[in-house]
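The following blocks contain the structures, represented as structure tokens.
Each of the next two complexes has chain A plus one more chain, namely chain B in the first and chain C in the second.
Take a look at the complex of A and B:
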């Protein structure tokens, strides 16, 4: 964000989430909303993360548990189908993995630098004991 | 709006608390969140009764502490309502953290501060320790010397504070018990005239504007905090005093009652002068008149506006005075008094040769008597005649035991 002088911004310890007026926000997807530069939606905090969740859609049953439990609204779901993780805002807490009920899990944590294709190729098999 | 109007006589017999409560009713305050404390209790009690009796359309929020009271006021003000409350002493101390939040968030809130000593030892009576404690908190501070002024300044405070160029909270001070519980004749405005003067509340950046969502009370670190504080100070230094002057003029047009940031009494040719706050101003005026009969050209300055400090107005008012006494009703605890320091700051770098001495008096409700003031004016005259301060720069008035003087 541009570093403005003391006389160049609105008074008060106050920030606007959107540029201009909003209308029917509940029916507008995040990517279609006019988030302002002050909204955390436009800021990447990916560098807070040390380990990352990888999503393997082969096992996902679209139960939406990860979407409900994610404390940073970083699970992207469309038409009740999990489509991925918002890697600009995910902090790598691993809660999505904890709550995932499938066997094997559809989300697993890997080091930040892990290659997604190769970890999916080597995804753990079904745990027969747990089943 | 669904509320009853109240028929008032032209002059009602009100104490300062009731006068403030009536002003809050006439301004149709939307939200009062309060945790009552002596001697300010009857103000919020009064609002609650007017509300219960159908004279106000608003909300009274009972909370668990003064910290919560001001916090709820901040929330209500951010939501977009006209907000006020009252407190004293320890209550203000507990509020102090949230006072800085309110002013930094640029939320107009009117706080009736009924001045009372700060413990320890515990004391319910009037002095200015609480007023002094939060003087750097970014609030506008008015000072009423009597119930009439407590009424008038409440109406004035809403109008100044809520202006979109100002948007800073305001405190209306009155002396605990001496003003708050002393009934006097108060000239009233009709409900319509009072509300017409204060005006309809005009929201700004309100959270209830769902088409323009805002986050209030954000965090800033070293990259932004300084700019926010600088903006607030700039507005206090450049915008508030002109706005107060305008509102004072509007109020005079409506009522004939004239207010100025620095209230001068017999100052045109004064050789010696007392500068003080609250009810002491009225006592000092009476004594000054008596001193004139004895040949001492005495004057009095009472500060109507304490923050922003009327730096140039007070320098102008004092420029021809020979000896000045700054009376502080709060223990500076290791320094010169606030008024002494502020006046010294205002006069330094000017051409004046005025002699300035400071006095600490009236702590915990101790009376400032006319005899004290007679002695004080005589001492100022002795300083003026000698061409120097003949005593130490800081003295205590009215305390038992060996004379206390410092600096």
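Take a look at the complex of A and C:
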């Protein structure tokens, strides 16, 4: 092995998050980024979930509490509007539902296998909500 | 100097493009990543980040994946702060020599570390960074335990908490030593800014992080990070626990400027009894047995005393 100078060291591992050149990542939303295969964005934790959040836009006031408190960057908001839940990255913790202030809530947890259309069709009404 | 990001309200904040990614391996409901998101989204500037060994580091850099969309380095348990301080020093040197390709883009240098990595193992390294005056921010993700290795006590673990190395049982009520006061210790270095933050109070957090980014010199941030696994509560309740932490004044939100001026930044309208905070977490369950109930009263007294002390300091401007 070649002798190393004092300022040379063995790099453990170096991963590049993006393919190619990225100029201003803070101004580029996920859908416009060229993630490399080393970014966990390209992975999924969907199989961690036993329950999943379902979003019902009918009651949503776009307060963005769910966006700020989601630990897993899984509440997708664009232009100050809630677009939906990123089901590849959501771990089903349920925080978004807890912090949602509307009545009835605009997000509720359901079993992973529940059919989204039918749960939205049968969404609880205001008076069915617990105080 | 770069421009400060204008964040007037949560709607505006939600237009941020996150530089932290999901499909990391943190537990569902982990507060570490909520804190990280609030911090990174507080600026649009480039970022140079480090993480000391611990849940955040281990779960966001599992080969072949990284969950970071910024320059990020991990070396060891103890030296996340010095890694970033080294990068900052290099940056300054290159700038002076005119060797930066984009000298107008000044990155923010941030080191994330657990309480184990900060209060114990990396303590002298952080102290060195503060003393030498690097332009960095060190953020403690304070879950009051060595979570990543299964819940051993650290010097941040509070009295009465059951940790694997200070378990409750027939002869013990758990941890017996009071939590180390890192805020005061760090402020005593005379650093321009030290602040305690909590993820539920996102606005207070953003304001403090932005202030920390704006000042020249080392900044210390202690962030309470409710840990669903070690504090033993349901993952959906992370923000509820954070609310109890700030509103019971167990984690008062305050800042210390230039090691001197202390400002309380949040005064709860309704102060919650400490008992409620303790009752919501499995790690304190045994305190509700008859023989240990006196400890709950002692807890409340300690919190009241600390709050009175902070108020006295705020008033006296010392």
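Going forward, the second predicted complex is superposed on the first by the 115 of 131 C-alpha atoms of A that agree within 3 Å, B and C clash if a C-alpha of one lies under 4 Å from a C-alpha of the other, contacts with A are read in each partner's own complex, and residues count from 1 in each chain.
One rule holds for everything that comes next: a contact is a pair of C-beta atoms (placed from the backbone, for glycine too) under 8 Å apart; a residue touches a chain by one contact, two chains touch by 3 or more.
Remember, predicted model here, so these are calculated numbers, not experimental data.
In the overlay built on the shared chain, the residue A:61 is in contact with neither chain B nor chain C.
In the superposition on chain A, A:34 makes contact with neither chain B nor chain C. Within the superposed three-chain model, A:114 lies out of touch with both chain B and chain C [touch as defined at top].
Which of chain B and chain C touches more residues of chain A is settled by the count: it is C.
After overlaying the two complexes on the shared chain, residue contacts for A:79 are found with chain C alone; chain B is out of touch. Touch criterion met: A:69 reaches chain C, while chain B stays clear of it. When both complexes are overlaid on chain A, the residue A:88 reaches chain C alone and has no touch with chain B. In the superposed model, A:98 makes contact with chain C only, not with chain B. In the superposition on chain A, contact of A:21 is made with chain B only, not with chain C. Taken together, the two structures place residues 13, 15, 17-18 of chain A in contact with chain B in one case and with chain C in the other.
Within the complex, the chain A residues that touch chain C are 13, 15, 17-18, 25-30, 33, 37-45, 48, 62-65, 67-74, 77-80, 86, 88-95, 97-99, 109.
The touching residues of chain C, when paired with chain A in their complex, are 10-26, 28-34, 37-38, 43-46, 60-61, 63-70, 199-200, 202, 234-240. Here chain A touches chain B in the complex through residues 3-7, 9-18, 21-23, going by the rule given at the top. Remark: chain B residues 104-107, 167, 205, 211-218, 220, 223, 226-228, 230-232, 234-235 touch chain A in the complex.
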